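Both complexes below contain chain A, partnered by chain B and then by chain C.
Up next, the complex of A and B:
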């Protein structure tokens, strides 16, 4: 997002307690649950921000407009597409939370399949539901101000973004690779030391290099980093290692264009 | 001229996922009662086909951000069953420990933030904090302790990364576990206080006998252990699930409903689990239940909040016992080579029995998957409760009636995201 957009939208936020709404689309609920998982910060957050539409947490659901809207999940039905357009109208700042809203999520795996055939296989009465051809990110349909990556988002990252918006500053979400986080932590490189397939070199930071710190290769749940050189990465591995790299690219961020492209070059 | 009263909630709050409620009263008589699921399906069982068998725990955890451990445990158990592997006691104990974390986290979330507001007349746990700050903070600390177990053993609270077919990627250190024990010592009092506190709530007096189904084991309160038993005599191996139960398609919901083939509806979850396993719950939890006046098997769905509190205390004690007796496994995981065949795995998610069945090929590719989450097993029972509650409260004004109906749905802590995302493919694509 542009600096101007944030400061323009945030200017009003300093005069009163800003309002926030949480909207769910196709998802596992895990990213919005991260808000409630901010246990020791939760009451402080709710004192700084008036959460007036968060159905998973409260029966009080007030109509818009809202200063900040958090969108979780991907668009998979025509009804949800209409709903997203309305959400955009109602929100000063629209922030997507997680891989589903940012790249279509794991459910975008069905994008390569024929959806009518799929629906007919699943439902005795497929006419009861209106599933779209593809599972798509919010940014395909509306302007998005901030996208927080991750499957799930990092809870501290989410709280930081809210804090930045309240202060009228641009959120600082890293775009470099997980490798940098590994180096900062001092974690031994699982690829160099143990030959494990790892998507760290092509995956965006933000998790704190979690998987390598647990002695496994990164599986790409934060989506593509700013530079994705998969040809160089996959050249390091044999057939089985390449298959693991490809499976990672085709999982929780399968719909991210840089991963889609990369999967063709493994 | 007939008079129709309709209670309608288009988007249920304080549940996981998207569901709605509709109840009709025609001339003072009960009409249709529907608890519907409109969350869009995500076709997980279709994606799993063609993936490596080792990917199942990471992929299936994404069905539910609320109970990812349950999905990981049912799936690894099923995959190890296909491949004929037993991970052995020390690794199994660590799996029980991370599952304790999920019980504490999930139950504390449901009790304090989602369900108690119904009993005390608040819109949310956060709003409740204005009048009961210390209580809400106690709940959040308890929830944090559960999450801390998952974070230490799994790497993160939601979609942990450390669980794999065959065990874990990395073992916790003694220091990690000692840190958890310190927190759990503190949580013990908070969990005991939670049982006392919820037992003093005004619990509606509603009785509706139902067949309870849960895993049951003679020695331990089950997470992944034991046979599937019921309060009316079912006693089967996990692999026999499809012989006794069947999933049915209901038009109004984007989910299948499970029933017992011979006699229909049943209920899973804390009340069922406690009814069938109270003899092996941690003694501290058994005493707390007795002091709270909780009798196993009493078919009042509104007592589920007390059972959740008792199970939270059990999970705290169980976690401490596991840490106390912990002997590190030789390796973080044992190798699992794929074997062509079909395997079954069941575990007791916080919301009830979660059954997985997979077929895999000799090269390790998943050929088929069946996943039956707790909420799709409870859906008919939820609707039956709603009828019971409606009949007993027809004289109440609409707003009050709606309130108690929503409260009745939350007795089950329904996870609609889970229920929707398992839709069976009826046709084999070859």
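Up next, the complex of A and C:
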């Protein structure tokens, strides 16, 4: 789907100042905050793009259609689903931001459980609770032009995608392992040098190898890399280490098929 | 002490210094206009970085590399950190993510910026395998012609080392200006190997080396060569790896290989890069050259698809290039036996073991 977006936007959106809207689904708002967190580039963003619907940032909310729609969060209710279909209609380019919108988020942990049972555990009156069986990514329901991974997204990655859409070039979103980012940074490998469990070799880059640069293992918040060999990775660890690997697979990207499948065999 | 204390040994000059005086070597290099890159201890690992003085934390410790594992161990008499850590000179010759040029709009014009050329560098305490790697790497990414190389011969080896069989160590070969050898308990024999090296050595303080000291250093290097546990028959590998594209060995490696690219990142001769163009919201465009790897599907994506579409095919390509097709391309092996790909592979895949399996298969065929 990314490929189609590139051809759609190959002329770029430069002929006029494009409009942008931000839509929230089931999520924590952290990815939206990453937009506001891009302090150094925020002025350039607002000069290049007219942000006309971003309730977290401004009470000025203008109706669609929009050139670019950013979707945060997963689809967890039938209301979410209806709204997502409307959002797709309103947006020229639809870009998902973060693990929830890309793979269902941490709330997809419930996908393998009985929802009614879980609701009864959490809510005093579960009969008022209306939710879909599964927490699902936007791409399950609508065409998505670009998916930005991460929990939360990397703000440089986010600004790069906006720049790419404006310029009509391909976004620079790597799909290789975090290991390449560690080696480029010159960060010491925590797995080889400290024996720490690390999901870096099976996790998609884009964070700049943040956790290993603070001497802790990667926990997979950017989701699966283009090659995932968890069986070989987890064989390096004892029971405790394997549990850490499994916990990483079953967190923010538990709904990503490659992680979901791999976690069953650890 | 000055020039008068230096004894001439044929074309070589040699003297002996104690570690603290290595600072004077760093200062000397700096005063001659070199920026100095040398070993330091960081996060429990011996790495290379720019140094202004010799890192005394290195004295008495050294790298203990094993397949998929790196630890630091105490080692009396060690000065330069023992067997190689993860970084080699390639990081400084062709930095991992560097700007080739950038351009920005200026009215009707486009202003293009290119990085300033750097000055000469001195690489200090580099191991012989890495000096050999610099020559091989230089076929693709040449360094600065005025760079100076000060090699530290190996007097102890790591479990993953196999430089002897690749003919690159543990004694210093071609390509160095000054040769250092650790001997005794924290002494260093210093010898010049080039005119530039001799000029610098003439300005160093130290005692003239005795015949016994030179012999002691030589025998320690020879003992290190004897203690190496891994090897590849380079000649046999060249023939065998190219002739076994369908070997089951490749599939068995693929079972374990993570395709994470660590081996290629730490390899001192792996030269592949990708070129990335970005444009920011202000209209500034930038071209960066970044290390890339034949282990990523994206790297072998061409029009029509990925032409090495399995991990087995990618490992086969990499190992065969290092040990076999590199000869056809450049007239040497692409492997110097530093062992980094074995050490820094998170699952400890061993190129010597896999190459030897292939060689054996051919022999029994």
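Simple rule for what comes next: the second predicted complex is superposed on the first by the 255 of 266 C-alpha atoms of A that agree within 3 Å, B and C clash if a C-alpha of one lies under 4 Å from a C-alpha of the other, contacts with A are read in each partner's own complex, and residues count from 1 in each chain.
Heads up, the rule we're going with is that a contact is a pair of C-beta atoms (placed from the backbone, for glycine too) under 8 Å apart; a residue touches a chain by one contact, two chains touch by 3 or more.
No experiment lies behind these values; they were computed from the predicted model shown.
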**Prompt:** Should the pairing of chain B and chain C on chain A count as a clash or a fit in the superposition?
**Reply:** fit
**Message:** With both complexes superposed on chain A, which partner does A:77 reach: first (chain B), second (chain C), both or neither?
**Reply:** first
**Message:** Contact-wise, after the overlay, does A:253 reach chain B, chain C, both or neither (first, second, both, neither)?
**Reply:** neither
**Request:** In the overlay, answer first, second, both or neither for which of chain B and chain C A:179 touches.
**Result:** second
**Complete:** Of chain B and chain C, the partner touching more residues of chain A is B
**Request:** Applying the touch criterion given at the start, work out whether A:24 contacts chain B, chain C, both or neither, answering first, second, both or neither.
**Result:** first
**Request:** Kindly classify A:103 by the partners it touches after superposition: chain B alone (first), chain C alone (second), both, or neither?
**Result:** neither
**Asked** Thinking of the overlay built on chain A, is A:215 touched by chain B (first), by chain C (second), by both, or by neither?
**Response** both
**Asked** After the fit on chain A, how big is the angle at chain A between chain B and chain C, using C-alpha centres and going to the nearest 10 degrees?
**Response** 110
**Message:** With the superposition applied, I'd like the minimum CA-CA separation between chain B and chain C in Å.
**Reply:** 10
**Request:** Using the superposition on A, tell me which residues of chain A are in contact with chain B and, in the other complex, with chain C.
**Result:** 215
**Prompt:** Touching chain C in the complex: which residues of chain A?
**Reply:** 41, 44-45, 47-49, 159-160, 162-164, 166-167, 169, 172, 174-177, 179-180, 183-184, 186, 188-189, 191-195, 198, 200-202, 215, 225-227, 229, 232-233, 235-236
**Request:** Note which residues of chain C are touching chain A in the complex, please.
**Result:** 42-45, 47, 68-71, 86-87, 91, 96-97, 255-262, 265-266, 276-282, 290-293, 295-298, 311, 343-347
**Message:** For a test of understanding, state which residues of chain A touch chain B in their complex under the given definition.
**Reply:** 24-34, 36-37, 39-40, 42-43, 46, 51, 55-61, 76-77, 80, 105-107, 109-110, 113, 118, 121-125, 128-129, 131, 135, 151-152, 155, 207, 210-211, 213-216, 219, 221, 243, 247, 251-252
**Fill in**
Per the touch rule above, chain B residues touching chain A in the complex are 11-18, 39-44, 46-47, 51-52, 55, 58-59, 62-66, 68, 109, 113-114, 117, 123-127, 129, 133, 136-137, 140-141, 143-144, 147, 155-159, 161-162, 164, 169-170, 249, 251, 254, 332, 406, 417, 421, 423-427, 429
